[in-house]
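Shared chain: subunit A. Partners: subunit B in the first complex, subunit C in the second.
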Partner chain A sequence: MLNVLIRRILIAIPVLIVVASLTFFFIRLAPGGPFDADKVVSPQVMKNLNAAYNLDAPLHEQYFDYMSGVVVGDFGPSFRYPGRSVSEMIYTGLPITFELAFYALMIAVALGIFSGVLAALKRNTFLDYFPMAIAMLGICVPTFLMGPILVLVFGINLEVLPVSGWDTLSGDKLLPSITLGFAYAAYIARLSRGGMLEVLGQDFIRTARAKGLSEFSIVTRHAMQGGLLPVVSFMGPAIAGLLGGSFVVETIFQIPGLGRFYVEAAFNRDYTMILGTTIFFSAMIIFFNLLSDLAVLLLNPRARENL
Partner chain B sequence: MNNSSLWQDAVRRLIQNRAAMIGGITILLLIILAVFAPWIAPYSYSYQNLDIGASPPSAEHLLGTDVLGRDLLSRLLYGARISLLVGFVATGVALVIGVSWGIIAGYFGGRVDSIMMRIVDVLYGLPFIIFIILLMVIFGRNIWLLFAAIGAVEWLTMARIVRAQVIGLKNQEFVQAAQVMGVSNFSMFRRHILPNILGPIAVYATLTIPQVMLLEAFLSFLGLGIQPPMSSWGTLIRYGVESMEEHYWLLIYPGLTFTITLFALNFFGDGLRDALDPKTSDN
Partner chain C sequence: MKKITSIFLVAILYGCGSSVSPVDQGLIDQVMHIGNGSEPQGLDPHIVTGVPEHHLLITMCEGLTISNPEGGANLPGMAESWEISEDGKTYIFNIRKDAKWSNGDDFLAEDMVWSWMRVLTPSLGSQYPDMLYYVVGAEEFNTGVITDFSKVGVKAIDAKTLEVKLNNPTPFFLGLLSHYSTWPVHKETVLEFGEIDDRQGLWTRPGNFVCNGPMNLKSWELNKKIIVEKNPLYWDADQVKLNQMHFYPVSDINTEERMFRAGQLHLTSTVPSQKCGVWREEGNPNLRIDPYMGTYYYRANVNVEPLNNAKVRKALTYSIDREKLTEKVTQCGQIPAYSFTPPGAAGYNPDTEIPYDPELARQLLSEALEEEGISGIEDFPVLQILYNTSEDHRKIALTIQQMWQQNLGINVELENMDWKVYLSRQNSMDYQISRAGWIGDYEDPNTFLDIMRTGRGNNRTGWSNQEFDELVGKANATADQEERYRLLGEAEKILIDELPIIPVYTYVRSYQLSPDVKGYSPNYLDHHHPKTLYLERD
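Entry: the complex of A and B
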């Protein structure tokens, strides 16, 4: 167990270094400097700007400067917002994005597992078909359509919930969280239904039934442990996906989180901001994948044997 | 002795699956509409009629017009070309990379396999959406680059599926017999391996198309994908959202078209999977 952990971390570190380096040099390939879009400035001012942001140093020097900053969490200054550092922007946006992703994940897990398990238990009945049809809807209606439709219905027509913002009006966290969580609820419902069906057909469940255990404890204590493994291994990719989804949801609902900063940076060609957030997102996603793999190992003895 | 081949059986099962057939017919219809868009569309996608501006659905403009007076139906039809093109081309790119990668890793095994699959594992853990955005920012919003970038992301699962299939195949007698007869690696892949794994490849490819289309629409929605005056369904949804309060039809129709297409592709893919591999259909 500890071995796996150490091995995975040992792989993760060089991967992160490669990602960071590739992104660094990729950004340099981009046509034009970061200040080209601004109004025309005299060559002297340009020179001073480049000097101020250390852009006149040889490339390898800039690279080592940057990387040694990243190690201690310093992603350099933002090109677009003078006086603000990328780290500062990441740290203001992150809690908001995390909160949003957390609510969405809670909705997804609660709704997904409940309807998936129910569908598996009541197979080929209305309680199976109906949630699964909704789940298909959740997979086929993308977040960027779901969000506006919810806004249109609950925000504009019924006027019961705020249409945008975060932490300014009561109830403004509800629509973004549902929008982001719904698609994942759908995936989780399908995964847990499939996993439960597989487990429910097995001998140890029949044994449990023969022992006279109540249906409730068969499901919760015996079947779910194995049946929900696919859901656990889906958690890593799901969290990565939630971050991507946060780009859209934060844009639609005007939430000042990391996702919206990233999209804005991409529009403004704020190269240091793009670079910093890319490295940061990669580190987070690698970390969450690691966590979800470890959780699977803990829960599934058979996966442990195959190491 | 039953004469029907695996494929004949599969086709029969597919035809019996109503949801899959409706999905398949819908896709076929969409492809025809997309291909013949220039002849079918009542207006050009860029024709503006500023006098009428945004008008609700009417006899002249069946689905209404946008803020610049452009016919929504025409723009949807032309958008279908781009959206479907992205779906098929990017899936094609993913197919070529994924299948070659999986066959080579699975067939040669050993060191080659473990290095190649370790690379896949590592790539799996990276935030690809961010890299695609990065590429679009650096190299400009070029449609062919978009195809390549999306395809380059979606091949990973394909490589895993193909590798697992090839490992199962390579110890079978007919492959060993071919090896003994000195068949070259290339014709081994082409004549003996590939035909036997076409089923799973076809299934996964069908299910990749909607994912790819979602990704394109996602990027276009953020304004980082297809650029005006060209329109994909993603860009149309983006404009629809901007003006949904006054002009609901600009959001509803593109959204509906997109959702129906994804539904059709998913149902067809699921049906194809069940038809080719009856074992999975009881789940």
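Entry: the complex of A and C
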């Protein structure tokens, strides 16, 4: 187990260096620079600006300058927002994105596992078809449609919840969390139904039943441990997806999270901000995948044997 | 299941249903909630550019003059009065005796001198130094030709008197002074957090920020909200009725519209274009459509064939039915444009005409074909319209494509590009026809016509006309306003005869405004001074 951990961390370092280097050079290949604006500034002003951000230095020099900063945790100043460092902006947006992802995940896990397990247990009944139909809907309806629909119903027609904001008006965290969580709940429901069905048909479950265990214990103590393994493996990418993919929900609900900075930085050619957020999200994805792999190892003895 | 759902709904109803909306609460507290487009780049008037930044800065800082909220000539700001020499080249500004910074320091003429030195310091990288290039020596200082700022034509005669010397009589100079790039910053505060040319200084943060406007910065939550509150030390504080203004950087137009509907905003930055036509028909009482000093147009790259031929450009221009386009496509009160400068602003009404005449257009095109040695319309090169990603631009481009194909029988392709790619293609003249928009920085035709002079960075058409250049140059050196407008009118005629730019429509500013907001008057530059605003329910 410790070996796996050390090995994966050692692999993560070169991966991050490659991601950072490729991003550094690729964004400079994209046409247009950070200071291109509708109102063209004079060549002298452009020269002044490039000098102020060290963009007039040779590219390799800029690269080494940047990378040596990253090693000590300095992602440089944002080009778009003078007076703001990229680290500060990540630090400001991250807790909010995390909080949103956390609530969404709680909703996704609770709703997904409950309906998935229920569907598997009541196979081919209304309690199977109905949650699975909703799950299919959740997978098919994108968040940019789900969000505004929820807002129209609860925010504008019923007037019971605020239509936007985060920590501004009471109850404003509910709709974005549901919107973001619902799509993932749908996936988790389908995964847990599939996993549970596979396990419930196996011999050890029959043995447990024959030994006279109650249905509740069979499901919670024996079936779920194996049946939910696909869900555990899905958790890593799901958390990474929730963090990186919160952009749409953050925009619809006017949430000051990191996702908005990430996407806007690309449009603005805010080089340092693109780099900082890319490196950061890459690290997050690697970290959560590692966590979910470790969780699978803990839960699944067969996976441990293959180490 | 049913029971759980009803308990859940009841809980929500009890938990949230009873709260008062921000708009209703705002009425009691005199707190105005404003949708402000996007997160401002910053709050340093010498560094930032953009409309959201301007909306914020106008509440917190004040220049020598302020825009007239009713439109028209600027009103006294930090300067209570001024004298202009007979040749129109020397201005003496008398700074208000009671003018103070928000930390209580006296506002001095010397503060203006230092501030202008800062905005012109090359290493600061200000994007608007040219607003002050009318001042003697300013351009030379900013481009590094001279390094001694005492040679620049601005100096403090005494604590409260400022003298400014201009290169030419510049009748719109007072108008320029309400642009934020010319506004003062508090020297001691700026220097406390960095050098004069420090773009990263933290002086604009809440708690550090010191300026001289009607409001002062209270809090700034990134991408969430900026709150400004009444500055009791402002010289005209008695006039300021609002206690606070809350600015929300809502980049999604539809979110902003929902926030307005739910009573979270008094004022939106814009309206979803697809709803504007419907609202106008239905008579939405909150919809406001005001004149705006901006022109939507197409640039023609005159360096490439066949657009180097003025007759081709004329044919293209005359075959656009602007009335139909604004009525059926844009649908939000836009005004068909028959000149480059929006008519009416600052009393300037260009005497130019652009007919919609497909017959004449076809004739011009066939003449052009002959001149260029093209045997027939089928050999006419395919034209490409470059535009940046936006549903509105796409709709307009599609309409114009269709009009050109129908009226002239030519082939037109559309090229949709990401904003920065579009800018870079336009800057490197890698296009044939390109969508463009120009918004005036101050209320004077010069802010439009000047960009079309030879070699101007924003010309971007490759067009050059000596007579036009001379007329605009001459107008800039003329103090007599009537004569100036005559010269600029002549220049405008040349422009509309040569058509390196194809005017499409004059912008309007469309937004939603709560009926509670009073004192919000339309003006061409969309400048709304907070001291005229207050909240009251009829």
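Convention: the second predicted complex is superposed on the first by the 297 of 307 C-alpha atoms of A that agree within 3 Å, B and C clash if a C-alpha of one lies under 4 Å from a C-alpha of the other, contacts with A are read in each partner's own complex, and residues count from 1 in each chain.
Keep in mind that, in the parts below, a residue touches a chain if its C-beta (ideal position, glycine included) is under 8 Å from a C-beta of that chain, and two chains touch if they have at least 3 such contacts.
All values reported here derive from a predicted model rather than from experimental measurement.
**Student:** Who does A:Arg269 touch here: subunit B (first), subunit C (second), both, or neither?
**Tutor:** After superposition on chain A, A:Arg269 lies in contact with both partners, subunit B and subunit C.
**Student:** Looking at the overlay, what does A:Ile286 touch: subunit B (first), subunit C (second), both, or neither?
**Tutor:** first
**Student:** Let me test your reading of the model: by the given contact rule, A:Leu243 touches which partner, first (subunit B), second (subunit C), both or neither?
**Tutor:** Only subunit B is touched by A:Leu243; subunit C is not.
**Student:** Where does A:Ile149 make contact in the superposed view: on subunit B (first), on subunit C (second), on both, or on neither?
**Tutor:** A:Ile149 contacts subunit B only, not subunit C.
**Student:** Of the partners subunit B and subunit C, which touch A:Thr23 in the superposed model: first, second, both, neither?
**Tutor:** In the superposed model, A:Thr23 contacts subunit B only, not subunit C.
**Student:** Mind working out whether A:Phe261 is in touch with subunit B, subunit C, both or neither, as first, second, both or neither?
**Tutor:** second
**Student:** For the overlaid complexes, name the partner, subunit B or subunit C, with more touching residues on subunit A.
**Tutor:** So, of the two partners, C touches more residues of subunit A.
**Student:** Applying the document's definition of touch, where does A:Thr251 land relative to subunit B and subunit C: first, second, both, or neither?
**Tutor:** Once the two structures are laid over each other on A, A:Thr251 reaches both partners.
**Student:** Just to be sure I read the superposition right, which of the two partners does A:Glu159 touch: subunit B = first, subunit C = second, or both, or neither?
**Tutor:** The second partner, subunit C, only.
**Student:** From the superposed pair, tell me which subunit A residues show up as contacts to subunit B and also as contacts to subunit C.
**Tutor:** 30-31, 148, 151-152, 156, 251-252, 267, 269
**Student:** Per the contact definition, I'd like the list of subunit A residues that touch subunit B in the complex.
**Tutor:** 11, 15, 19, 23, 26-27, 29-31, 136, 139-145, 148-149, 151-152, 156, 194, 197-198, 236, 240, 243-244, 247-248, 251-252, 262-263, 266-267, 269, 274, 277-278, 281-282, 285-286, 289
**Student:** List the residues on subunit C that touch subunit A in their complex, please.
**Tutor:** 9, 12-13, 15-17, 19, 22, 39, 41-42, 44, 47-49, 122-127, 129-130, 142-144, 197, 199-202, 204-205, 221-225, 248, 250-252, 254-255, 258-259, 261-262, 264, 418-421, 423-425, 427, 437, 457-458, 460
**Student:** With touch defined as at the start, can you tell me which subunit A residues reach subunit C in the complex?
**Tutor:** Those residues of subunit A that touch subunit C are 30-33, 35-45, 48-49, 51-52, 77, 80-85, 89, 92-93, 148, 151-152, 154-156, 159-166, 168-171, 174, 251-254, 256-257, 260-261, 264, 267-269.
**Student:** In their complex, what parts of subunit B are in touch with subunit A?
**Tutor:** 122, 124-127, 129-131, 133-134, 136-140, 210, 214, 217-218, 221-224, 234, 237-238, 240-241, 244-245, 248, 251, 255, 258-259, 262-263, 266, 283
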